[in-house]
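Structure incoming, see below.
Letters A, B, C, D and E mark the chains as written, and numbering starts fresh at 1 in each.
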Amino acid sequence: MSSKPYLSLDKISKTYALGREKFGGPERFLQAVDQISLDVPRGETLGLVGESGCGKSSLARLIMQLERPSSGAIAFDGVDPAGLNATELKAARQRFQMIFQDPYASLNPRMRARAIIAEALVNFRKGNAEEINRRVEELAIQVGLSSFHLDRFPHELSGGQCQRIGIARAIALSPDLIVADEPVSALDVSIQAQILNLIVRLQEEMGLTLVFISHDLSVVSHVADRVAVMYLGRIVELGKTADLFGRPAHPYTRTLLTAVPRPMPSSRGKRSRISGELPSPLNPPSGCHFRTRCSFADARCAAEVPVLRVIGGAQQAACHHAEDIQATLNQDEIETDNA
Amino acid sequence: MTAVSPHIDTGQNVLTVSNLSLEFSNSAGVVRALDDVSFAVRKGEILSLVGESGCGKSVTAMSIMGLLPRHGARIVSGSVRLGEQELLGASERTMRRVRGDRIGMIFQDPMTSLNPVHTIGMQIAEVVRQHRGLSGAAARARALEMLELVRIPDARNRLGAYPHELSGGMRQRVMIAMALACDPELLIADEPTTALDVTVQAQVLDLIADLRQNLGMSVIFITHDLGVVSSTADRMMVMYAGRIVEEAPVEKLFARPSHGYTAGLLQSLPGTQTRHRDVLAEIPGSVPRLDKVVEGCAYAPRCSFATGACLDPLPPPRRIEPEHSARCIHSETVFETIRNTDIVRAWA
Amino acid sequence: MTASCVAVLLFFVLVAIFAPLIAGDPIALNPAERLTSSSESAIWGRDHLGRDVFARAVYGTRTSMLVGFSVAGLTTLFGVAIGIYAGMSRIGGAVIMRLNDAMMAIPAILLAIALASLMNAGVVTVIIAITLPEIPRMVRLVRSVVLGVREQPYVAAATSIGTSGLAMVWRHILPNTLGPVLVQATYACASAIIASAVLSFLGVGTSPEVPSWGGMMADARSYFRIHPELMAYPGALLSMLVLVVNILGDRLSDALDPRKTRRGSL
Amino acid sequence: MLRYIVGRLLAAVPIFALVGIFIFSLVHLMPGDPAVLLAGDNANPKQVEKIRERLHLDQPVIVQFGIWAGNALQLDLGDSVYSNQPVTKLIAQRIEPTMMLAVVTLVITVLIAVPLGVIAAWRANGLADRLIMAFAVLGFSLPVFVIGYLLVYVFAVRLKWFPVQGYKPLEDGVLATLHSLTLPSVALALVFAALIARVTRASMLEALNENYTRTARAKGLGTFRILVVHALKSAGVPVITVIGIGFATLVGGVVVTESVFNIPGIGRLTVDAITRRDYPVVQGVILFFSALLILINLLVDLSYALFDPRVKG
Amino acid sequence: AETLRLRMNGDINTLDPIATTNFTIRNAAYLMYDTLFSMDANYEVQPQMAEGYTLSDDGLTYTITLRDGLKFHDGTPVTAADAVASLERWGKADGLGKTLFAKMASIAAPDDKTIVLKMNEPWGQVIPAIGKISSNIPVIMPAGMAANDPTDPVVTPIGSGPYKLVPEEWVPGSIAVFEKFEDYKPRSEPASMAAGGKVAHFDRVELVYIPDTATAVDALIAGEIDWIEEVPSDMIAFFDGVDSAKPIAARQSGNSMQLVVNHLNPPFDNPKIRKALQWSVEQTPFLQAAYGNATERYLECAAVFFCDTPYASDAGTEAVLTRDLDKAKALLEEGGYDGTPVLLMHVTDIPAHDAYYSVLKPMLEEAGFVVEEQITDWATVATRRASKEPVADGGWNLFFTGWGFVDQSNPMTNVYVAGACGDGWFGWACSEELQELRKKFADEMDPDVKKQLAEQMQVLTHDLVSYVPLGQSFPSQGIAANLEGFIESPVPFFWNVRRTQ
């Protein structure tokens, strides 16, 4: 990695206590994020993919300081917000912002768009009412909304328009980092491209560092410089977008790539079959979490947790058999036209 | 790619929908949810219905099943025939005999589509008891058979399980088992995999394809995911704002998109034809509300090909080539513009 | 329907406010004319002490509305304040909810009767006696709504743009809690009116000469057979007021129910 | 299951303790000498002295509470100052009528309310729905004693079908008991049923709007089966919950109904004790009803398992 | 088994007629207790448990013998010692009893059958006193029970009367159940008021407490109960066209209503303020409030010894019968009334009382009194009135009560003319002069002098304001049509009553 990381995660974990299922039963814990270490350099777009429940949003909330990690440390530009007091933390919040998965639910239904966007500016006293209002109008234009949209309530706006308001709110304080948590998954296909374009454009204009979360590989491959693949709370593979999609080293990455149906003639009837059920995150398999669905799994996979290790260039994978798998990779099986 | 899958009997239509128009009315006004929808499902084929949220996919399915809400929905015109039997306007008794027996249906959200307070065994068995009049034991046996058919591991012990004890993928498979328990002629799957994870979705899609092959039923497969369509369906219909705007066998449609909306969709998909971080082709505007009946093309306001003529009353579907039709007066221009994109070239 | 309910409610409010202009003295006794039916001086007749039934009914509107609205108002005020605190604070919330459970384990009407009988008879006593047991219910409701609202993405969004503390409560939590609270408040209002009647009936309500519908009905029960109108007038008024408030509560809850605005699932 | 019950009972202990503290302080926090207050307005100095001794009023408040609670745990709640009888005996004498009244009311309520709620939800917004809901709102809007007097007038005084007042104990035969309880139960049930019918309708509507109902219809099931087997069972939890919560309301209703119909139950005892300022009895009765409510809530919680497998212990 | 169901005006919270003068308790006591002597329909005292008595020639020694075979409900025989103990207890509580014992030298039981009562001086009222018909009636109870302090009610009462209490079925606040006492031996004479043979025709008597009078009347008409002590005049109409039950107005059961004044507590410890009270009230509104226009059912009357009786008089009644607010206010001023609140214990379970309090409150307030009202029931008042404490400690200022014809018409039993101070009846009006007059009256034999003395007593009483009379009424009982054998009496008796076939 070239520059000093802007965002740096050091072995952070998050465990949720779920209480007891029945009286007298054991207390249950869910390890949503498991020892994740990650560096994101300034200006980079990091894609984060993985199936539902693998901990993507939890990770996003940890980064956003909406929750405290159970262990590990987060640093923005070398500073860990965990060490800040309430006032300092509030001030620090200006530097990192989030775009939420559900554009409608992330807007207070009883506030008008104008107030929603203005709230951040009000919180940090960015000028008097008039200045704030002027800024809100500017932001609206920046995200492609007209000022009449600003006087509407969220339910009077379409999903795409709601997401634009969410984006305007996120950029209002000119943050350094934006975490976009599945920003298009709730939107109609024809709107998706509008929002993706908007995010990419804003990122470039503002020189943002972007963490882009999605379960849609094609979306991630479109926007990300690097991609991290998560499975049940752990990062299983991390690398440059082209490398990772071109030469996946972890069997789960491979499974994902084949499982996603793509509107290409090559994907007709050519999927490789996936066996095994998705394990419960409450009770994940020992060792490598993926071993129950993996054709390469052996005794070692059950006994030993594979660590994320460099397997060539900038590519890292958490698999005992990564090299073998990469070697046996049959290029025909995988789409390459996204590289 | 063969044009037609071997298991399709082109000569026989299981279901024929013609000129179906439907309105919802409530205090806010009238919504024309379906406008002159016609199509046929052939024996053994998977017909896919694609389109964005609110375009009328589910309503189409519900009209076929006779499950439209009692109040507010009004069928303006049209007919739905299952084989020789007219379903529109049929009595509730008749429809009850059709549902679950001759037409099975599965829904988008397997998490909530199963009744949480009954065992899955009971929920499957009750279908065959209802339609086949089987005894309790026989119905249970059938339920077990179905669970095995849809590849539920340890099926015998799962009969007594409650839905919350199963994973999402297993629940969706239970739904399929339930829909197929009476060997229906037609399976309607309304976005059956939208709520599932990609790997689980792949398993379910495989299952549906296999079952179609083994049981020889017809499937209406509703989705908004073009990837799912291309990998599963034989034929597809694209819907926009209550109308079918383009219809063709899958490979023909991808190879020669002839409606502005289809073209827009294909172009705006990331990772298909663009380079990394290129600006994607956008469809401007947003999905229309249906509360105003438009005479002309509903897509025209968002369409880059639109001309004044698009606002004139819509002509009947244009035949592009055999089995391929589109409701677009500019279909030639559309195709010409898009023919060089990666995705179309890949299919051509 | 809603409009006519509002009209009726408004009518009651006006009657309560302008009672002195509408009716005569509700307390003056006239034993010589006791239990007489409608006359010029008393159009709804006189009760067993010769008091003007119409005047008592009109002034009774005051008592009932005062009780109903005060209880609803106080319950909402305290319920919302305590409930939001209980919903926002972990430890404080747990303590409050324990206390709440204990309060709720005591049947409300018993608590009300006990309180009403411990204190001196009077409208204020009745209001306090009905409000106190009503508050825990409101607290519980508010807290559960707040717990839900707190998990909403828009609250996370607000946190991430630096909203916290009172601003969070004021801008985000409170407005989104108020819907169900208002509905509950209308029910509290309606049930308080009934409860005050019941207290009067049990002899622990407002003092006997203060005109209240409940007291009138309680007095009338002995004469119910011969002078049913003595119970019918206040009974009808009470039912009408409670009905109207109930219906408005229902309407409110329908109007605030997001599902009603979303489309049906079919 | 047993562990669950024991656990729930244990969880009720602190609540009950708080109720105890509350009841204790009801008298002790009032201004004035608690002994005089407890002895009632009509006590002579000797009685006051007796109470002072019994409660150890010379000791610190904590000790007093300990003694009081200790006695209460041994079911010794003191003597009524009105009749000089032990409070526990007074309560025990009157449990039967109250329990019978509550049970009969509950049965009538469920028999009336649940079918009405189901029909209303099934025919949502139709005529039947409107009528049923009109009844429900009306039932809500009438004080129970008004309904009571009306019922007495029509069915006892005019038609002479039922007794005007009073309670026939079970030893006179179940039928006699039921006969004597019909009017009071119906009066109570009308109010209570209004509540249950509303909740049944609401939760049925919710269940009918659920995706699984759509599934059931798509399976071709009959209306009855959809309503009862699928929707009603799922709607059971909220309905049961409200029946539990409503029980508290029912207690309030019982107090009034017992007065109207002159049923010698705990409700009447309560009202009498309160108007007579018979504090030992008041304390005892509140304690009794609180314990009852806690018990009912436990039963309600246990019955969830009948309706919803997700809460199986 | 034949059951008689009775509804009294109040509830039974004790069965000790010595500890209270409450009429409900008195009525119930007659079921289960017996007396040595009792009054017949001619107002003459006849032996009841006594076989008879002899009076020594000096008029000082009474020797009373008990009948054979008398038994208490617990099976033990009634002895003279029991009777002596019982009389002594009564003598500590009852007004007349106190007078009797004051004049008495000794009372003793030389053997099981004989009671010897020695007086200090001859006194004509000895037998009338122990034969008195109304509260407190000198009932005979086991000596053990009689050892109880008279203010402390006995908890497990035992009598020797025709019916015995069933303690297990006694639910205070609801019902008190009595069973026929098989060992009771009625006298052979026919029943005559409280005297004569008390024959129990029912196996079971239930005193049902139905607080709501309207409900009670409906229950009577429906046949659920057999008898109601008092049917309010408003409800007489309930009986129109009903043949299952009827109201019976009996002049003999006539009552007078009184407002009793506590002379111990301020403000009424001040004679001026008592007078102010007298001027503040008048009778008509009260009577109307209770009886409406049913004028045949009431009478304005300020005669201390009842109107239409030998000692009736209108001397000194002006202040009682007229209302003069100016005089009242002036007296308040003069008496230095400082706004001390007057406690009204508003009784709601007796309709007439309920109405009376509602009338009284504005009357007092108009005159300038400060009133504090407390809602309560009769049983509470009936007990609380015994307290001599200040109001704050459970005492009282005013309450309404009624006395019957029998007690009131006799200067010896009329509690208001005793002037006996702390030893007197509630209110504790204090007047040496009155005490003297009463003594004279007791010793006087000449009817004309007696009448004069009575008139003086009346004037003094009204001057003292030991109470304010509120008029006389003739309430109706409600009786099931199939009952017969009711005894004409100011106190309701239930022996001799039977059901027609």
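Definition applied: a residue touches a chain if its C-beta (ideal position, glycine included) is under 8 Å from a C-beta of that chain, and two chains touch if they have at least 3 such contacts.
Just so we're on the same page, UniProt names per chain: A, B = ATP-binding cassette domain-containing protein; C, D = ABC transporter permease subunit.
All of these numbers come straight from a predicted model, not from anything done at the bench.
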* Structure fact -> The chain pair with the larger count of contacting C-beta pairs, comparing D-E against A-B, is A-B
* Measuring between mean CA coordinates, which chain is farthest from subunit A? -> E
* Greatest Cα-centroid separation from subunit B: which chain? -> E
* **Distance between chain centroids, defined by C-alpha means - subunit A, subunit C (Å)** => 50
* To do: With chain centres taken as the means of their Cα atoms, state the distance from subunit C to subunit D in Å.
  => 21
* Asked: Which subunit E residues touch at least two other chains?
  -> 212, 218, 348, 375
* subunit C: which residues touch two or more other chains? -> 203-204, 221, 224-225, 264, 266
* Along subunit B, where are the residues that touch subunit A in the complex? -> 1, 52-53, 153, 167-170, 197-203, 205-206, 209, 224-232, 250-251, 254, 261, 264-266, 268-272, 274, 276-277, 279-284, 286-287, 302, 342-343, 346-347
* Would you pull the subunit D residues touching subunit C in the complex into a rising list? => 14-16, 18-19, 22, 26, 30, 137-138, 140-146, 149, 153, 157, 209-211, 214, 248-249, 251-252, 255-256, 259, 270-271, 274-275, 277, 282, 285-286, 289-290, 293-294
* Structure fact -> So, in the complex, the side of subunit C touching subunit D is made of residues 98-99, 101-111, 113-114, 117-118, 190, 194-195, 197-198, 201-204, 214, 217-218, 221, 224-225, 231, 235, 238-240, 242-243, 246-247, 250, 259, 264-266
* Which part of subunit E faces subunit D closely enough to touch in the complex? -> 11, 13-14, 149, 151-153, 155, 171-175, 208, 210-212, 215-216, 218-219, 221-222, 224, 348, 375-377, 379-380, 383-384, 386-387, 393-394
* To do: Would you tell me which residues of subunit D are touching subunit B in their complex?
  => 125, 210-212, 214-222, 225, 229-230, 233-234, 236, 307-310
